[in-house]
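Okay, handing you the structure first.
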Amino acid sequence: MTQTTIGGTRKKVINALMMAGLIIVFIAYMFPFIMVIINSLKQKRDIIKSPFSWLFTIKGLSFDNFVKAFTQMDFLNAFKNSLIVTVSATVLVTLLAAMLAYYIVRHKNWISSVTFSLMVASMIIPFQAIMIPLVSIYGGTLNILNHRLTLIFMHTGFSMAMSVFMFHGFLNGNIPIALEEAAYIDGCTHSQTFFRIVFPLLKPIISTMVILNALAFWNDFLLPSLVLTDKKLLTLPLSTYSFYGTYSADYGTIMAGLLLCVIPILILYMVLQKQIINGVVAGAVK
Amino acid sequence: MKRKALARICLGLSLTLLSTSLTGCTFGFASDPDDPNEVVQEEPIDTSVDTFQYDTSLRGTSITLLNSKAEIQVALEKMSAEYESRSGVHVEVMPVTDGDSPYTKVVSLYNSGNPPTLSILDTTDVIALAEEKAADLTEEPWTEEAEGYLTEVNGKVYSFPLCIEGRGIIYNRTVIEETLGESFDPASITTLADFTGLLDRLVTAGMDRPLSLAKEDWSLGAHQLQYIYETYNGTSEGAQEVIEQVKAGELDLNAYPRVNEFLDAFDVLKKYNVSAKDPLGADYDEMAIDLADGKTAFWFNGNWAWPNLSEAGAENEDAYGFLPYFMNNDPNDFVNQKIQASPSKQIMLDGQMASEKEQAAAREFLNWIVYSEIGQQMLVKTCNIIPPFQNNPYEPSDPLSRDIYERVHNDEAFNASAIVPNDHWAVLGAAMQKYLADRSDRQELIDSIQAYWDEQE
Amino acid sequence: MKSKSNGKDFCTFALPGLFCFLAVVIVPFLYGVYLTLTDWNGVSRDKNFVGLKNFVGVIKDTQFWSSLLLTFRYVIFVVIIVNVIAFAIAWLLTRGIKGQNFFRAGFFTPNLIGGIVLGYIWQFVFSRVFVSIGDSTGWGAFEASWLSDPGKAFAALVIVSVWQLSGYMILIYVAGFMGLSEDVLEAASIDGASGFIKLKNIIMPLMMSSVTICLFLTLSRAFMVYDVNLSLTAGAPYGTTEMAAMHVYEKAFTSRQFGVGQAEALVLFIITACISGLQVYLTKKKEVEA
């Protein structure tokens, strides 16, 4: 807002051009999502024969797909499962990763550097390479598969490296140590300093990480499919299995199911975006 | 402001969707009686007679069934519920989901120490796992009812043949008759030349390209290319023999007539392919619609294509059927008379981790499918499967399965399954795609088949 | 901090997170490394130690090396395009333009679509939309489905990956831009720094930590590409777009050479680790200078 008021006509033209460019790119980005919305209201034949046609020219536009997806997925139960897993794992990983990253940034010792290098390196491990060993250990040896807690624990472990990496970057660049030193002089313990001073300052990155992690947990398919087999425990993506056939798939229902799955995440994103902005404002006021 | 508005819209949308779903009402247009997308009516099951002897000591046992045939997931769940209500044995049907191959799923389940009691697998998977994991089923009574359809590993039976599937050139008789303005008798086409003639007449009558040809590697690499092994003499043993010879380098593929005959036939399909302009841009779902709508008259596929055709608007009473995969001009050659039909999915019983009781319950479930009046009906009517068991009196209802069923019973089908390594369809499917797109010639294709077999141990 | 409380600090701050990470990622990984030295096929009961035999299999697997080469090409395109686009969009979206929150929500949507739907929608675009554009305009490039030509199918993969990954990177760059303090920017404008100079001399150095993160993430994700590969092309046409991760998976489960597949995954890991290690080292150095 500060930018646009300064400068003459040349600036205005550049701004207009940039705006136009942005809108074009924006449409390209939104396009597949719009396609999903439109086609979720159509039936399979129309999806295949006329995927782009405007909704109301088509016979049989309806919310049938949503009703079918909702019932076949056992939506409410799956929603509950997904919610429990996603919320617990997100809270856990955000907290633990922020603490671990804080330790690494503020303690320059060998444990920190080894841990950090190990984490960075581990982000490159292809999941397929540890899939079978993982189930052998947790299923074959420990026999603790098929519990929500196991899934929460695994989600936390798998996203730890990436989250620590992100917190590490933010802590290094944006949190001045002077604040903490002041807190110590005031007699705060390390835990108090972290939770009262540092953690609130992490708001922008916490919001980003919450949305990224929650999204990953909410939509993940592969890991839950390895851990959970009991129908009562299935998460939302797992419960869409019946829409996929061997040779073809029930596209309308899949897209309706997808929308039902992502709406909570979209809402979360809207809410958190406000948080990101508030966080920055708070940072500027300090 | 905008953000708030958007958030509100989203919330509103989700609430609307939620409430719609909850109350189960439907917005939009009332459902049309001729709606091609309408769910196919299910055939009723007569449950009044049940003479099957249930073993009451198994009550309360719980077993799992891994299902890799996604289209019968719902049907299997119904079947297991019916079985549970009578036997007291709970059968949990676990699906193999998108992105997982059945083999990967079974491997990961064995590693997790929690393998399914029963698993529906492809024949190659059963052979790979049989001696290590499976229970011996050689002594089961149903083996006598499924003669000719059993898969043996070193003289023992480790799997239950679930269904017969057949493939060939699917025709839509009504469309052919309407286009040509005369009646069409599939039996009158007996050679590749006849078939080409028919295609030419359809083209003259205005149907530019009368045939659909899938580009998928499983279709090209397994369903098409495997004809070269299966048509050696039309038996599984013959297919095995020819594979051994190719592997050992004793049979020159260039000199083996079935290879060139197969490619002659494939060239015909290629020429009349509806998407000949861009054969690798063809869309599987669209092929079903094209055939049902009459844009094309033929589709190379198997009886598993029925759910797609039915979704595209085909009805059980419509005149669909199979033509053989014509490979030459000799009307007496069996390939021009018979279509290929063999058992495809197999059920394997875990003999490693499952308890005695679980195994007994699983065996009873298999027997129930074969011998009980209800199991027999559900296998055919609910699952829409062609049973390989002679004692099952029920006939499938959709025209494709019915055609296969009749041919199997009238000796117009040959049962040859080529047992090839698991990556055969993927590796050689790619080679076939290259040939289909005219990016390689016959010689290059034949060389890559030979190279593939040379690499096998 | 004082080293006296180091042990306690370690236990309260580092240990819980570290434990999760080690138990879920590192232990299975080490077990996986051990498996590459055995002849275990994924199902059998016994595992025999076979030394480096599986790695000999990796060297002999020419398909693997050509898929790796293709992956390199892909990574170069994706990393550059994703970061340029994401950086530019994130910059535009943090300048206080009208409706920027609406825009941000839009650029977020690629994150919401995954799996088979992603592949299906984009297949639509490349084989239907493009062809219908080609039919109406007569442009040669859109005549046939992009997915049936090896070069164009590769381009399609790059486009979809850019679309998907940049949605993610925009989020991170936006967080980075928001973290820049207004004082710095204001000070810069007062000094009279114009747009480009400001970007180069003031913003870029301050954004280097975000750049490091995004480069690293795009690099590792591009090397590991699997979902998009499988759902969009599955290697088609005729196996020309099969990337390394997909080949590894196919080797282990379709070709049933579990040991070789596992060993190839390890080789892929080592190569990616070296390259992204180098990248982090180089960009971190810039951060320090700034």
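By letter and in written order, the chains are A, B and C; residue numbering begins at 1 in each of them.
The definition used in the following text is that contacts are C-beta pairs under 8 Å (C-beta built on N, C-alpha and C of every residue); 3 or more make two chains touch, one makes a residue touch a chain.
Predicted, not measured: the structure shown is a model, and the values here were computed from it.
The chains that touch both chain A and chain C are B.
Farthest chain from chain C (centres taken as the mean of C-alpha atoms): B. Averaged Cα coordinates give chain A a centre that lies 16 Å from the centre of chain C. One inter-chain figure worth recording: chain A and chain B are separated by 38 Å, centre to centre, where each centre is the mean of the chain's CA atoms.
Inter-chain centre distance (chain B to chain C, centres taken as mean C-alpha positions): 37 Å. Contact with two or more other chains is made by residues 3, 6, 98-99, 107, 111, 283 of chain B.
Counting partner chains per residue, chain C shows two or more touched chains at residues 42, 101, 105, 115-116. Multi-chain contact residues of chain A (touching two or more other chains): 132, 136, 221, 244, 249, 266, 270, 273. Within the complex formed with chain A, the residues of chain C that make contact are 1, 5-6, 9-10, 12-14, 16-18, 20-21, 23-29, 31-32, 35, 42, 85, 89, 92, 95-97, 101, 103-118, 120-122, 124-125, 128-129, 163, 167-168, 171-172, 174-175, 178-179, 181-182, 186, 189, 206, 209-210, 212-213, 216-217, 220, 223-224, 226, 245, 248-249, 252, 258, 262, 265-266, 268-269, 272-273, 276-277, 280, 287.
By the touch criterion stated above, chain B contacts chain C in their complex at residues 2-3, 6, 98-99, 101, 103-104, 106-107, 110-111, 128-129, 132-133, 215, 217, 277-281, 283, 421-423, 426-427, 430-431, 433-434, 437, 439. Across the interface of their complex, chain B is touched by residues 42-45, 99, 101-102, 105, 115-116, 127, 131, 143-145, 147-148, 230, 234-239, 250, 253-256 of chain C. Within the complex, the chain B residues that touch chain A are 3, 6-7, 10-11, 13-14, 17, 20-22, 24, 26-29, 31-32, 35-37, 64, 68-71, 73-74, 92, 94-95, 97-100, 107-109, 111-114, 283-286, 288-289, 304-305, 307-308, 311-313. Within the complex formed with chain B, the chain A residues making contact are 41, 43-45, 48-49, 59-64, 66-67, 70-71, 75, 131-132, 135-136, 138-141, 143, 145-146, 221-222, 225-226, 229, 231, 238, 241-242, 244-249, 259-260, 263-264, 266-267, 270-271, 273-274.
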